[in-house]
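Residue numbering begins at 1 within each chain, and the chains themselves are lettered A, B, C, D, E and F in the order written.
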Amino acid sequence: MPIVHITITREGSGPGRNAATAEEKAALIKGASQLLLDVLNKPLDATFVVIEEVELENFGWGGLPVPEFRKQLAKKSHGAPTAPE
Amino acid sequence: MPIVHITITREGSGPGRNAATAEEKAALIKGASQLLLDVLNKPLDATFVVIEEVELENFGWGGLPVPEFRKQLAKKSHGAPTAPE
Amino acid sequence: MPIVHITITREGSGPGRNAATAEEKAALIKGASQLLLDVLNKPLDATFVVIEEVELENFGWGGLPVPEFRKQLAKKSHGAPTAPE
Amino acid sequence: MPIVHITITREGSGPGRNAATAEEKAALIKGASQLLLDVLNKPLDATFVVIEEVELENFGWGGLPVPEFRKQLAKKSHGAPTAPE
Amino acid sequence: MPIVHITITREGSGPGRNAATAEEKAALIKGASQLLLDVLNKPLDATFVVIEEVELENFGWGGLPVPEFRKQLAKKSHGAPTAPE
Amino acid sequence: MPIVHITITREGSGPGRNAATAEEKAALIKGASQLLLDVLNKPLDATFVVIEEVELENFGWGGLPVPEFRKQLAKKSHGAPTAPE
């Protein structure tokens, strides 16, 4: 009876993509269900997986919408001579 | 103060529909609120209901996205001579 | 594949009880599953129901923990001569 | 490690808007993160905020979809001579 | 920024246990975080995992609390001569 | 109709405490409800707040249960001569 609810931001994992692909979602579903089987011995048929995609401006970290938070992180990295990106 | 959160797949309940209708959603809201009144004596005004619709490819069962899981179920049924559909 | 998540406060529905009983929980599970069958034609076996019980001090309404909110509501009612309780 | 999940109806907070603006969402994210810092001393970087927007017909209160519930509330107010709107 | 919320029933995965062990929980956390890294390239430090344990009587499947549902499943299996357990 | 769901780890915010106090929870409820009023003009009476407390071993960050994650963070800080704690 496990339920795995995965919240991700709606964005692509590479150039030319703006959201997780159907293949990536299938891999998340397969991997999460397998994890419950491996660790707690739950049959695959007993696990539900829900993937919720959230717009970037609806997700906050560090008190900021994610796009702003990332800009700030990037700035910090560039300012630090030992950790360029 | 109950909160009832109902997660469903975004698909029609009959031909020519591709999502739950406004009437169906209203029936879910009414029924869920009435249930809390009947069982726990919670006034209708004290219950919130949220219906979350999830794309079929974002919902997994049996380690597979729902459309694949259903195909597999259908195959099993057809292979079993005593349980045709 | 529906998931019905019901959040309730941990308190009894009558004297001498301090939480929902097993019978009340079973009635919520039965009723919620039946609702999805009646409205969206979802088989009982395809619906998961989760009941989450939350301590009264962890639930807020009107900007107050529920016990305070109820006291305030009761005061308002008693102050209004046309709506005694 | 706090997670703040805010569910709101998808509607504008004023004329000419049909959803929360990016500025309003940023204010929710900032305020919620600051709240956890002020009350529980959680660093901003340790808090995630997710804003989920729900269509009006998917949100129920008083056993009704929100638009119907509001109409009913408005009617009650108009019927009461001491509390016109 | 992914959030993985895993809901499981509070029960042991073997004799003499009545809940998931700390080791099993650590394995779920590690596996879920690794999955997001493998599939969507999300750094481990950007993923939160929450494990929610639900009492058996608070979880429903097939319109029944899980303990009843399992008894029913077991009965069905025993009645079928080709699929004894 | 906003719902604010706050997930926190069950631990004290200072010495001699092992969980958030009733006062801290009341402050979270008040602050979250006020935030929705300030930003989206939602009346206090229209907002529900739920505080969910999660055991430390049930919360993961960086692929590890929170207690392990914190130990690792502390080690990194101590190893770095420019960022002692």
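Operating definition for what follows: a residue touches a chain if its C-beta (ideal position, glycine included) is under 8 Å from a C-beta of that chain, and two chains touch if they have at least 3 such contacts.
Which protein is which chain? UniProt says A, B, C, D, E, F = 4-oxalocrotonate tautomerase family protein.
Computed from a prediction, not measured in an experiment: that's the story for all the values here.
Asker: Chains in contact with chain A and with chain F: which ones?
Answerer: Shared contacts of chain A and chain F: B, C, D, E.
Asker: Looking at where chain E touches chain F, is over half of the residue numbers used by both copies, so same, or under half, so different?
Answerer: Mostly different residues: under half of the interface numbers shared.
Asker: Between A-D and A-E, name the chain pair that shares the greater number of C-beta pairs in contact.
Answerer: A-E
Asker: Using mean Cα positions as chain centres, tell me which chain lies farthest from chain B.
Answerer: So the chain farthest away from chain B turns out to be F.
Asker: If we define chain centres by averaging CA atoms, which chain lands farthest from chain D? Would you check?
Answerer: The most distant chain relative to chain D turns out to be E.
Asker: In whole angstrom, what separates the CA-based centres of chain C and chain D?
Answerer: Computed from C-alpha means, the inter-chain centre distance equals 21 Å.
Asker: When the C-alpha atoms of chain B and chain F are each averaged to a single point, how far apart are the two points in Å?
Answerer: 32
Asker: Which chain F residues reach two or more other chains?
Answerer: If we look for residues of chain F contacting two or more partner chains, we find 1, 3, 7, 28, 32, 48, 50, 52, 59, 61.
Asker: If every chain is a node and every touching pair an edge, decide which shape results: line, ring, star, complete or other.
Answerer: Contact pattern: none of line, ring, star or complete.
Asker: Among all the chains shown, which pairs meet the touch rule set out at the top?
Answerer: Between chains, contact exists in these pairs: A-B, A-C, A-D, A-E, B-C, B-D, B-F, C-E, C-F, D-E, D-F, E-F.
Asker: Can you tell me which positions in chain F touch chain C when the two form their complex?
Answerer: 22, 25-26, 28-30, 32-34, 44-45, 47-53
Asker: What part of chain A is in contact with chain E in the complex they form?
Answerer: Contact set of chain A toward chain E: 1-9, 13, 20, 24, 27-28, 31-32, 35-36, 38-42, 59, 61, 66.
Asker: What residues on chain F touch chain B, complex-wise?
Answerer: Residues 1, 3, 48, 50.
Asker: Provide the residue numbers of chain E that touch chain C in the complex, in ascending order.
Answerer: Chain E residues touching chain C: 7, 52, 54, 57-65, 68.
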